[in-house]
């Protein structure tokens, strides 16, 4: 049942997520700059920005309603919950039963709804454009994500994220071809969900190509800080989820303190590699037109379905 | 805890509803009396129905015989767990809707308030009788009363031609459905002539006749529920009716059809054949996808919700299909899981869809506008309605921690077991169907963001909206009650499922309760906590505490200063309300991606137009592919037959005589 | 449960899955040169799968066929195709008759059909890799689909070759390869086929100034 060390581990995981998430964004930004032969911003730039934004006054548009002011907090809360139930260091998380993998998709969905509604709240042309596109990406990405989860859930006989990770991390060496499909599909989906390059560009302010930026255009001060923080938490959550599902080695199984400590450098190492690869992919690929996104995510969906079928054909019958 | 008198109490409640309705006739034009006294009384009766049914869920089945009707054909009534569950749904939804209606119905054009009151309460009473009926005769009488009273309610504003047309379409399809149901009952009696449900249960039908009965029931109840292709009446009738009536029809009446389908396929029929489930699953998937796609492209807020109801009925049918498949292969615990999802979604949908329809009612009253293109920014003028509608929107989008998510979660969990089906095709195709379910849920999110964002957020698209006012207290109370149900259904799934379980157990012989009893009330883990779990309470508390803590910390560490200015919008100068997305513009991506699914009539301006005008109209393929050809065929046949009609009585008599003669000659033993 | 499969069989399963993945990638690919490269990659994976099967079962002729696959499908044919594409100045976009997402949806359905059809057949086989029979069949069907839905003659040739890959995989997985003579014969066939088709392409282009196969509709008797 719930132990003191479990609670401590949980609190530590949340705090680590809050602390590391901006660093991951900064690292990706830095890698991108290197790869593009630009001089990179400092690694800690996201922290400076958060600090600055929190200090600033909130400048609200005249038409902004209370929903607009609540939304950043809700989005932030959703992301914190997501980070709390994804095993980063250990699978012994007291909060994990609150939401399994299906509910995790729901958490991201809730955040998406709130941010899209907030984007429509002020009533500007770009806001509603962003909200509409975000929902478009959402309904394209979710079926693919679900098929990935199905494949994994069939391997682990569970939809609980912690159980899946435990099964995958502590198995004998078995090759699951379906995992390869699921992994690629998951990568596609996480690019789309985190507003990364082939689908959206997190650094753009070119009007017609924005998705995420268009939605948070009217935000300022602490609200913007929270949304930026939430965005980096989402990237962190997806990275950790991908690492935990497809490269689960090193995640502590229980409440062993030593294993927990040993898991930290490994996590940092995995995240830095992952961030670097993300930057590489972002650099070598071009942003797609918005109506190529259905094709991109459709491919992800196909891959996930193929993974499921391959799982049923090759692995389930034995 | 059940009283032996539950069924009598429900009968008295039905009579009370009728009596309340008749009181309306006493003073048909006295709006004050009717709305402030009779409708709240009706709500009170609804509440009692709900509570009685809740008590009856725990007790044994009760029967009664009502000596009305034809001689030797009394009404058989029976209150078992399944009836009780749907009566619970009816009672609690009716309580909220009636309270709302107390504030809603005012002096106006159309039917006199007193007559409306009678129709409304007769509608409620007939739905209750449908749930209690235990023979085909009583069932059909109640069913037809329900159809007729709702027809009159739909045509409340009968001076508009389009509303009369919508009502006619509704009545037509309701009758086609009723015929199918009647035939289904006929098949199920197996020629024994015993039309009581007990008699039908005793019949052992051959697979062929059982399938015929099932398909007829699916068609008949599907017509009432709005399964494709018999859905066309729904988007016409719902917008035509006054909002409380739309809420009642969408929230409750559609569920009576689901009740009927469950009653026939799990109670009256013994055998279950696996392909029944495939048919239901397929029809459900098509319905759900069709409904949600069309709901995203609507420009009328009530039509949008009507299509969304079609989608939800589709999801329920998917669940029924899955239950049937599992049941046919004797995987009863999985069937119980899917069945729980079905029943849960019935409850959830009745609350959140009623809530949303009532919200459109408030908006309609306050602004006199139904078209999304002329609304906007109402959260500033109607904060109560807007925030309560948000609960409905989140539930309808199937998101945690509200009610829609629980049933969706259960449904997906049961899908996860479908690879274990001992059938080589099903175990590959059915899991992929789950992806479609998720697509539908995600598209529902799109539709709901559109619904909410365009009505309540943004700038007001018309100057007249500045005078909009929030709903009155009666209306607020009704909305708040339904929002409360939505919230409770969302955060207390275990508690609710323990109640639902009685009905599941009655239909399938097994349920989820044993598993749930072992766990805490806050936790939903239908198979085992290791397998899958969902704790909405913890979920809600975590998000809420992060929210509050975050807010407090930011204010404590920094400040809470706010300044107001004009919007930034990338520095664009023109920021009028017309710069926002229109309802059509918002759904443009859907129209583009799913283009073949729609029949679109578009008008593009040319470069030289001095007054450029763009319009797009989305129509239903089924109307042109199925209904219009059928109507033409009917018209052609009628003209053929009309040649018989010469106008001379002697000729008519001769027809009858010849018929008689032929019959006498042919039909000999 | 999975531990029942020996490691080599798992490897072959993995390679088979990758071949299927590549077949889908070819279906989704819009550029002709990339398509040829994907084909080469598919050949390489097939070669590796055969090699693993050879090592496990220590059947000598599987080594030969792996080598043959490598020479022919990874080196020679892609080289010929590359040359053809350059020489013919084919426009780099693949033109599809049906749009790509729909093609992929149809592809998924075909995979399901293939898997289900192959299931009873693979029960008859006793090799360790019989599960891949379904994948092999799926690859053949997908290649067929590619040939049907593409307009350029070159993409059709690639589809034809990919179909041969599928058949080869089927042979390897079901019976550890065909007899050597048959295999050599097929390899020669494929090679000659591609060379002849290459010559044909030049003729077609000279005739129509394009490689669009729709032009050939005019050739029918009226």
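Order of writing sets the chain letters: A, B and C. Residues in each chain are counted from 1.
Just so it is clear, a contact is a pair of C-beta atoms (placed from the backbone, for glycine too) under 8 Å apart; a residue touches a chain by one contact, two chains touch by 3 or more.
Since this is a predicted model, take the numbers as computed values, not measurements.
The chain pair with the larger count of C-beta pairs in contact, out of A-B and B-C, is A-B.
Across the assembly, the mean Cα position most removed from that of chain C is the one of B. Computed from the mean C-alpha positions, the centre of chain A lies at a distance of 36 Å from the centre of chain B. Look at where the CA atoms of chain B average out and do the same for chain C: the two points lie 50 Å apart.
Chain B has residues 428, 432 in contact with two or more other chains.
Shared interface positions of chain A, i.e. residues touching 2 or more other chains, are given as 294, 305, 309, 312. Shared contact sites, meaning residues of chain C that touch two or more other chains, fall at 108, 112, 115, 119. Those residues of chain B that touch chain A in the shared complex are 376-377, 379-380, 383, 386, 390, 393-394, 397-400, 405, 409, 412-413, 415-416, 419, 427-428, 431-432, 434-436, 438-439, 441-443, 445-446, 448-449, 452-454, 457-459, 523, 525, 529-535, 538-539, 542-544, 546-547, 550-551, 554, 557-559, 561-570, 572, 575, 577, 579-581, 585-586, 588-590, 592-593. Those residues of chain C whose C-beta lies close enough to touch chain A in the complex are 1-5, 7, 10-11, 13-14, 16-18, 20-21, 24, 28, 100-101, 104-105, 107-108, 111-112, 115, 119, 131-132, 134-135. Partner chain C is touched in their complex by these residues of chain A: 172-178, 180-181, 184, 294-295, 298-299, 302-303, 305-306, 309-310, 312-315, 317-318. Looking at the complex, you find that chain A touches chain B at residues 54-55, 57-63, 65-67, 70, 73-74, 76-78, 80-81, 84, 95, 97-100, 102-103, 105-107, 109-110, 112-113, 116-117, 120-129, 131-133, 135-136, 138-140, 142-144, 146-147, 150, 153-154, 157-160, 163, 205, 207, 217-218, 221-222, 226, 290-291, 294, 301, 304-305, 308-309, 312, 316.
Of all residues in chain C, only 108, 112, 115-116, 119 touch chain B in the complex they form.
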